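Please read through the structure below; I'll follow up with questions.
Naming follows writing order (A, B, C and D), and every chain is counted from residue 1.
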Amino acid sequence: MKMLLASFGRDFLDSLARVGSLNVMFYRTLRSLFPPRYDREELFRQLHRIGVRSLPIVILTALLVGVIMVLQSMTYVRKTGATGFVGAGAGLAVLSELGPSLIGLMFSGRVGANAAAELGNMVVSEQVEALRALAIDPIRFLVAPRFVAIVTSLVLLTVVGDLCGLVGGAMACHWLLDIDWRTFVAGLMEVELLDDFIVGLVKAAAFGGVISTVSSNYGLTVSGGAQGVGRAVNGCVVTTALGIFIADYVITWVWFQI
Amino acid sequence: MALWITVGQMLSLSLWALLRLRLGGREMVRQVYETGNRSILFVGITMAFIGMIGVYELASTMEAVLPEYSTLGAATLQGLTREMGPIMAGLLLATRVGTGMAAEIGSMQVSDQIDAMKLCSVDPVELLVLPRLFASSIASLGLAALGTTIAFFSGMAVAWFGFSILPDTFMSLRFVVTGDLIMGISKALVFGFTVPLVSCACGFQASGGSEGVGKATTRAVVLSSFLVIVEDALITYIGEVLQ
Amino acid sequence: MSTGQTIDPKRPVVQVRGLTHRIGGRRILDDVSLDLHAGEVVGLIGPGGSGKTQLIRCLVTLTWPSRAELRLFDKPVSLLRRRHLRECRSRIGLQFQNFALFDYLDVWNNVAFPLLHARGMTRADADGPVRKALERVGLAGTEEKLPAELSGGMRRRVAIARVMAAAPSFAVFDDPVAGLDPVNSAKIMALLKDYARSAESLVVVATHDLERLLPITSRVVAVFKGRIAYDGPTHDLMSTAPDEVRRFVAAALSGEADPELDEAPGGRGAS
Amino acid sequence: MSEPTPVARLIGVDKSFGSHTVLAAVTLELPAGRCTFVAGPSGTGKSVLVRHLVGLLRPDAGEVWYRDLRVDQLDEQALLVLRRKCVYVFQHPTLFDSMSVAENVALVVKYHKGVKARVAESLARAQLERMGLSRLADARPPELPSGEQKLVSLARALALEPETLILDEPTTGLDPYAAFEIDAHVRQLKEQGVTLLVISHDLQSIRRLADEVVFLFDRQVRYQGGMQGFFEANDPVLDQFVHARVHGAI
């Protein structure tokens, strides 16, 4: 019992320390963004690597999310008989909620984990120390361009993803459930979607910040060889997932207040 | 490509082991404990937030479409059982457990520990993967059940404080049928089996120092999360057709 | 004891013909043929990137070369003959360049791993050889430590003890003194010398530290650019080896730069 | 010969990691314009000692001076300025894998000379040319053998045109040919008057290149003085080291 408490206490203190260092990382990243002196080329390279190359996985995820949402709302529709609800329900869920958070999760796996692994590898092989020894600030050189690229890409990808989610929903209606896709679109039009679309984008930007900060922090604090890199990636995706859902809740709550 | 060959080998080996009922005994029990223990807090917190968000969204949608809340609780519980519970537990399993396994096996691979095992005539799949595979399936089931429960109660809290729906009204089982339960359980089992299978295979494919471990881990989380989503869509569709 | 245990001492332990290995179109090893016998201590030398490690991996069956005829313990080896392969592997000991200690096992279990799994010994039976091997490398008393708690030098010695404890018929030490200062590498080499003398088996040592390697070997195999450039007794090395090998050995032993290299720094590749 | 002025000094430096004491009250002067070797058995904290000079590590106690700068009290920004003059080259070739060799070198030029990417690239290629490494310019670091990777790290450091260069085990783990090539470059730098500090336990390199030798043993400086004196010293520990004897204190 005492050991359990001790280990719980240690975990608690560790997480407090982690939250603190995440905040420091976020602050230092923001500070290095102004004035914008970061490497342009590095930024474009990151945008390409992060944004363009995540496109396939985001499109596939979004299509499937659309399909799942339609299939899911079907059981409810059967009970209430409101076929119009399929479009509205799927549309709202995809745009404001599942779209951003599932795309964010996939993106965190594809990009956040990758960034943590890459930075961690640079720490382990002393490349980050070498940057410091060559008088280059690692935050400005490595973290700032990633931050900008991740936030920008995730917002843009969410726009694409939203569209694909709706297309996936329409396809599911048409082929799997034999509901005319026009019914789906009509249902979609019945509700005010612009707000949900915007809240989705706000969430995406916040998730981008979370993903970038967490992955840079875990990556730059790696210690202990290949094993350490693996542990850091693991910790990174776990913390990111937590961060995404907490941010999601806070934004949803704030949004409905105003 | 090589990855899928590894997955295939591991799959056949594990099915063979399942047939002979050689599940790794004590080691498997230890792994169930480890897997569950490592993920319980994470899954608990995350699912609590998911429940809160879900109810918030659903309630607002109902407000717009059918302006009454009487079915909110029942719909939430059904959605959680069939869909959100298992899929979120699956995704969280992929992030927490999948990356952990890929990292562990990947770092053994790049530091030649796997080769050292082979030289000692030990099959690394049998020693390392099989116990994790069965353990994770069992743990996944438990985590999905726990996650669903936590999400339901956190959703109930939001409904009470945010929308003034009393717990009595919210607590309703009338939508949940046996089919939903079966679907939820089969999803959790399938996800629990897929995640370690793919993640361990990614770990075995690692090469080239710490960079390789990082790549393997990243690949593991992307592939296993994606497979969880694909399988979810498939199982949901099959369930739809059977009904 | 299985029947494979008794082999004719005159027959080679390792026999390989026409070994060629390509990685991504590049030829790493090119038409290598070797016969290695029990009781020999073989020094494997050659410049960095010449294929020594790949050759070792092929010989111990961890890498399957693009083309080769490999016989171990007088029987052809292939992935298909699993029983023989298993038997071969249980008689091979390799000290990996990066030690490859199992980081979830303590020192005792690391050293005992080949005995327990490859030989199928009980823990009680394995205890004797494990403790003896640890004592030999000067690590008695560290049995219950995890590799992460040891210094780099100690991990190296655990890796060497793991090979020694199993007393394999074919032992390979891949760069056992990499990055060590002169005194510590002399200590490790003395350990290997001692082991090679006491064991009636085939011992292969690969390293750049020729000064300490050559005195303990009976035979030298030089690999240059994936080919065997010299294969013969150590004492004939400087008289019969081709020029490039002699130059390499002389440079490593005397510490005097090759005049051609000295005049034009960077003028030619290190490879 | 006049006494050479020290370019860097350590005064009474202590350093521990956890309960493990690596340096205890180390005092040391690094003469300008000469080639000093830091030698000692593996794991005696040679790298730890030297990293203090560029502020990659900070001492638990004691002072670190570079000319008239108190290094152990500088903040990160000031350290960046110092590190342009006094460059540290790591034991493992710390090249950026995603960039070509020329880009690796150009990166440093671009950051410190404030020039456009294209100019930096051509300056970088010129630097590689000077070192006879043009053939490597377009290669990716992971494809190169470790000897060549180390040469490129050296080229990258030299692109900063440092007044002091610190090399951490430049020849460890290399075959004799690769080691010669590195040593030839070090000799060239020595002739150009760059202050050199080389960490190495390679006795052959020490014989070839050292002006001064600092020998670290058991957390302290055991010997500091000329190269000849190092090889002929009447100290059992030094004697064991230079003759690689198995028995003794090491």
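In the analysis below, a residue touches a chain if its C-beta (ideal position, glycine included) is under 8 Å from a C-beta of that chain, and two chains touch if they have at least 3 such contacts.
Everything numeric in this text was worked out from a predicted model, so none of it was measured.
Counting steps between touching chains, the shortest path from chain B to chain D takes 2. A comparison of the C-D and A-D interfaces places the larger number of contacting C-beta pairs at C-D. Centre to centre, using the average C-alpha position, chain C and chain D are separated by 32 Å.
Distance between chain centres (mean CA atoms), chain B to chain C: 44 Å. Here the spacing of chain A and chain C, counted between their Cα centres, is 48 Å. Listed for chain C are residues 103, each touching two or more other chains. Multi-chain contact residues of chain B (touching two or more other chains): 111, 211. For chain D, no residue reaches two or more other chains under the stated contact definition. If the chains shown are joined wherever they touch, the resulting network closes on itself as one ring, and no chain has more or fewer than two partners.
The chain pairs satisfying the stated touch condition come to A-B, A-D, B-C, C-D.
Chain A makes touch with chain D in their complex at residues 41, 122, 125-127, 129-130, 132-137, 141.
The touching residues of chain D, counted against chain C in their complex, run 40-43, 131-133, 135, 145-148, 151, 169, 172-178, 180-181, 183-185, 188, 201, 203-204, 207-208, 240-242, 244-246, 248, 250. Against chain A, in their complex, chain D makes its touches with residues 54, 56, 76, 79-84, 87-90, 92, 94-96, 107-108, 111-112, 117, 153, 156-157, 160. Residues of chain C that touch chain B in their complex: 60, 62, 86, 89-90, 92-94, 96-103, 113-114, 117-118. Per the touch definition, chain B reaches chain C in the complex via residues 108, 111-113, 115-122.
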